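Next, two complexes with chain A in common: one pairs it with chain B, the other with chain C.
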Partner chain A sequence: MSAMCTLNPPDLELSPFEAGIQDAFQDLATDSLMSLRHAAKARFDVLGLPKPRRQEAWKYVDVQGLSRRSFSLPRPKGVDEAFVEWIYPKACRLSMFNGRIYNHGTCGMVQPLADAVIANPERLARLTHDVHQTDDALSLLNVALAPEPYSLHVPAGKTMERPLEVVIHHNKASNSFPAFYIELDENATADVLIRIKGDKHSVGSTYVQGLIHVSQAKGSRLNLTVLSNIAYAGYNFFNTQAVLAEDAQLKLFSTALDAEHFRHRMDVTLAGERADATLNGLSILSGQNKTHMHLRLTHAVPNCTSSQQFKAAIGGSALHEFDGTIFVLKDAQQTDAKQLSRNLLLSAKAKAFARPWLQIDADDVKCSHGATVGQLDEAQLFYLQSRGITEERAKALLTQGFCDSMLSDTYLDAHVKRYFMKRVHCALVAATI
Partner chain B sequence: MSTPILQITDLHAKVVDGPTILNGISLTINAGETHAIMGPNGSGKSTLSKILSGHPNFEVISGEVLFLGQNLLELEADERARAGVFLAFQYPVEIPGVNNADFLRLAYNAKEKAQGREELDAVAFKDVLKAKLPIVEMAEEYLDRAVNEGFSGGEKKRNEILQMAVLEPRLAVLDETDSGLDIDALRIVAGGVNQLMNPQNAMIVVTHYQRLLDYIVPDVVHVLAHGRILKTGDKSLALDLESRGYDWLLEEAGLTA
Partner chain C sequence: MTSTLDVINEDYKYGFTTDMPMETFAKGLNEDVIRAISAKKNEPDWMLQFRLDAYKQWQKMEEPTWADVDYDPIDYQAISYYSAPKNLPKKQSLDEVDPELLATFEKLGIPLNEQKKLANVAVDAVFDSVSIATTFKKDLAKHGVIFCSISEALEEHADLVKQYLGSVVPVTDNYFAALNAAVFTDGSFVYIPEGVTCPMDLSTYFRINTEESGQFERTLIIADKNAKVSYLEGCTAPAFSTKQLHAAVVELIALDDAEIKYSTVQNWFAGDPKTGAGGIYNFVTKRAHCKGDRSRVFWTQVETGSAITWKYPSCVLKGDDSVGEFYSVALTNHFQQADTGTKMIHIGKNTKSRIVSKGISAGVSKNCYRGSVVIKPKAENARNFTQCDSMLIGSTCSANTYPYINVENPTVQLEHEASTSRISEDQLFYFQSRGIPMEEAVTAIVNGFCQDVFNELPAEFAAEATKLLSLKLENSVG
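This part shows the complex of A and B:
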């Protein structure tokens, strides 16, 4: 008798979050992406929700808290344009307000993915193939359920005249599934800025499960900047998945400011020779913020270069995690890969976990990785004080310098830099209180 | 006689949680004077400079240091700087992410404010700064870079003297400013320092070599060994040391090298 009881343990009951997912799965959208959505659902059912106890990558992420909240799809609702402030004076503009997307202009290269794949069934087939490969279950929720994924497709040899600027805004507790599929054909170039922001006064907890899918053909170049200045309570999970063909170049900059829970998983595969990826990140944490930068960078073929630098300034009793792996596959000779995680602790209770990994199966490669966790440099502090600057001011200046040196990279547009520096200042003030 | 710029009396000092380095230093520096401090490695030259500037790694055991008649030892490093003490570092520190011009303005304004004068905005300060650049033959582009980041050894030392020019200290301590300089850079740095000297201020030049003293001519030369002043003389003492080394002085004092 007792043996039979163990077949039905009571903990098989679904959490509110899982029950919500299963409900949503019953009613997948019947658009031209239906086959993709079903493939994602099937893959999710195999993987299940992340298991922090068994999966290293989720060890420090608050999945338990997530599974206790309810899960539902955003309801259709009008967009209040007054809430949107744009950084670029001229851009292709998309905004998402409490989970519903709105297209602000006419940019031929930007359209709903459901429309884009009708004329391009191979693209749908490739996306479906990618779904079968992914090991990140939450990203599949986005693929299956995003109400209106968008596509940016730049044809061969074309340059986007204006950048694509996306603002994802929340002013009340909501769920949202921003999804952007970026496809650059041969020698195409594009600039994409995605900004996630929120209203400090929003009540309740928001859940954002975002996806940026990038496919770069030979010689294409993409600057992709993700600025998260969250402020509201809740979970913000993003996946960026990029595959680069030969001579393609990707510059990705991801920031997380003031986010209760933020995770950005970046999967980048260098699949063609001489492809080059630069991945940078900056996190500023205060209070009880938890930010996770998870990277998987794969050198699949010879002669590619990659560089990762992620910095975090951590105040309050916040926690920052960097978990990055560089995979150098057997054939990827002459790989040149760099990885660095630098963490500045601004308070006694701040925590940083830095886990830089290398897995190298080729024998003729140049790889370096490093991690630092520490406080402000005593020598720098004394140098400033010896010039008459007070200790308090000197500390603020050094902390600012630690962050600003991340922004001095020239590929950040001047408009973005100016906007961003202001936010960094504010976030730092919060972090050093 | 007016108040000396600096008056050190029987100063004993040690590394925090470490050995004693200074064993009773006394010296007086008047306005308009340049004092050279020479001595073998480990004699305490750099320690003395750091103690004067308020470095947290050192601690005074006993003795007194008066700066313009005021007890210097009770001031924090930043207060000393605002009062008019300047240390030119032997190894200037690189500060990535902090703009050189902003840093200089912050330092300048901290002093101006402390002395009850108006602080300058970025535009007005740029003019002050531009006027100082020729003193160290420095190009304007160095102002837009991060403090000392990627600067050569010579550029870092010139940046130190530029800071001195901006802050106009009453007492400047040059800690082995000649180390790592080629002959051209040495000429520029020393030339800059000489332009900044006047009858109201004073300077301590800490150095290993006579060579620097060909350019910055001292009024007084002190030889330091084992944390004490072994001998004080005029500039000819430096020439003696250059030709005879330190051993004879150590023997005279009953010490071994």
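This part shows the complex of A and C:
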């Protein structure tokens, strides 16, 4: 695609959605992020809205209706604090409603991104650079339009004493652009839990385009857990973008429980030697849920390691799509990359689509990927039944086991694990009915 | 020990041309050319309509760009769509075939001489646009087996052709299939009647001889109930510096309890090893329809030639308990690019498929596996196993794996596994410590890597494939 293309040609009529984007952009209040917003907007105009017929990554994501809906940014509105349920008893807390911050505690490392870049212009330059690298048009919309992007910045050698818990939620029929930027300096460590929440009763057509942006300097470590529990109709799209410098370590865990029309696109680039990324995912779907886990993992330099494991238990007439590509660039020798997609179909109408892809341009690498789709193992079911456990109970146990193995990783905090176990159980009950 | 792997030219020994009077159509494609091809072959009117309809559809279609291959745009008006040795009415006996042609095939190692029965393979030899000879026809006829060129079939078995042509690969299936349907000139036709196991292997040998001509052949194989056949396909072309287009369509139909085994050893000219100039664009649509219950189709391919390969031999598993298997070795060296794999579409109950793909890339080549496994909602108890392994020789090539898995029935058991690796230094060191030279060691390791696929080839083909692979890899290590 030529980078020379400019805005939509004037003779081409804009859809209400696209026209709304143009207007919303015009109306933005000026802040220190304007150059970044303009760069993102310009790139969005080049890439345009996703084209499911031409772009493999959007083939199964329902975005057809997006261009027909109207577009406007929501007005700021206060929300009752009691509405939020926190997982950590002691944590730095941040909550966003319709893309705007309405509560942030006393965590000194958290501040508006607009303020953060004034003190750190280099960071703005880096973010602008990242904008030019991205090929996911909708994530650019977030960069351009997010009303109040927030930032976590952990200085060199520092460790966040308490985990940071972020809750992102929205009300019905809104467009919202929650954005959270994480920056870890050399040898800094942080533990961040992001919960994307939806209210079952707020049935309406939302469009949420969230962004979690991570940049990790040398030797930094980040545990990032994303829990999506969005049981309402609309378009719930999130992007996580991470760039890791040498010796940096990222553990990302993305869960989608009972998520209605949810897409989580994760772009992780290992840009420094010996960087290591562990990306895990767990989806438990029921009813009409549609969840899309899209992943692009790039090994750009030698000696990096990565591992991905994505599991899905699919009930009802839900659809789960895993679309993951590992790119091993020419110079990335001694890469060790693993990818696994496992899908458990719990009902007659459940659907599982998987595209575990490898694109390898270096020769001295170890790369493997695998995918499985199936039901519970009959031998295991038989064994449990031979011990006097009913078929129903045996199925429930095995399904629980399939999911729980994803939670047994030690990097998940005990509180988070307990909360997840409960949620996983509820979601499984819904999925197996 | 040197571990740097670099690529040195290996001569393509089938790169010669046969000099003989040819009748070649002027370059270009339009309705008149299609009418002329049809007239040349005395085709019935429905066949001409089939072609013209395909041409209309083709004009509306766009050349696909999704494959992971780069090439200059093809000028479809710069290709001659018909080229045949002059004054060549189809011969009743091989004694009448031009000795020059016989010598050409002799040189290629294809036994057209029926006295050489040792090989026990019936051959249909296709030279540019036409079939020049089909051996053992009489012997086969005794068993009721029809094996002839598709032009003959159109004259003598029009009903069968009309019933099945385009039934597996419809005219509008894809850009190159539509082009083929419009301009195909010849190819092989096989019909195995009910209950017959074909007494010998059948084989087609494709040879492109004329520069700037394209080869568009069409193969149609029908195995009636409980019939069995093994079919081999081989191909070569002279070394020209211009690219040549080969857009074939192969359709297989297996009725109840029938079995078709289709093996290909493809050794087209791959282009100049140093510059990448010339070579064949191999854009082929191959598909089998396992229409009957318990029918089985096995595709085995060894892809070593072609500048660009775009090919996905597929199985539509419609019949209950039908089986589709795909075994492939794709070797790319120098400037070659391959985007190849398979599609297994499970529709019937208890259908099974198995995919074993081995890709080897060397030089500055690009080798992609692209495979799709689709389990439709009614395909109860479907099974699929896929294994695709890639091996990289040298740091300038690439190996990509693009599996597509779509499951819409929960009773499936599907496994996909893939790995990418290179020849380990330890393995090479071990061989060398036993006095085995580097090159032989590499060949042995690569052959071992491909063994699962070679085991599926008919004996004489397996020997040829092993030889071909070592020839292609010769001097690729230094």
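Operating definition for what follows: the second predicted complex is superposed on the first by the 413 of 433 C-alpha atoms of A that agree within 3 Å, B and C clash if a C-alpha of one lies under 4 Å from a C-alpha of the other, contacts with A are read in each partner's own complex, and residues count from 1 in each chain.
As a working rule, a residue touches a chain if its C-beta (ideal position, glycine included) is under 8 Å from a C-beta of that chain, and two chains touch if they have at least 3 such contacts.
Bear in mind the structure is a predicted one, so any value in this text is a computation, not a measurement.
In the superposed model, A:S405 lies in contact with chain B only, and not with chain C. In the overlay built on the shared chain, the residue A:T390 is in contact with chain B alone; chain C does not reach it. In the overlay built on the shared chain, the residue A:D45 is in contact with neither chain B nor chain C.
With both structures placed on the common chain, the touch criterion links A:D115 to neither chain B nor chain C. Of the two partner chains placed by the overlay, only chain C lies in contact with A:A350; chain B stays clear of it. Look at A:D23: by the touch rule set out above, it reaches neither chain B nor chain C.
When the two complexes are overlaid on their common chain A, residue A:V373 makes contact with chain C while staying clear of chain B.
In the superposed model, C is the one of chain B and chain C that contacts more residues of chain A.
No residue of chain A lies at the contact with chain B in one complex and also at the contact with chain C in the other.
Per the touch definition, chain A reaches chain B in the complex via residues 378-380, 382-391, 393-394, 397-398, 400-406, 408. In the complex of the two chains, the chain B residues touching chain A come out as 53-56, 76-78, 80-82, 87, 89, 92-93, 95-98, 103, 106-107, 110-111, 114, 146, 163, 167. Here chain C touches chain A in the complex through residues 66, 375, 377, 390, 392-395, 397-422, going by the rule given at the top. Remark: chain A residues 56, 330, 333, 343, 345-375 touch chain C in the complex.
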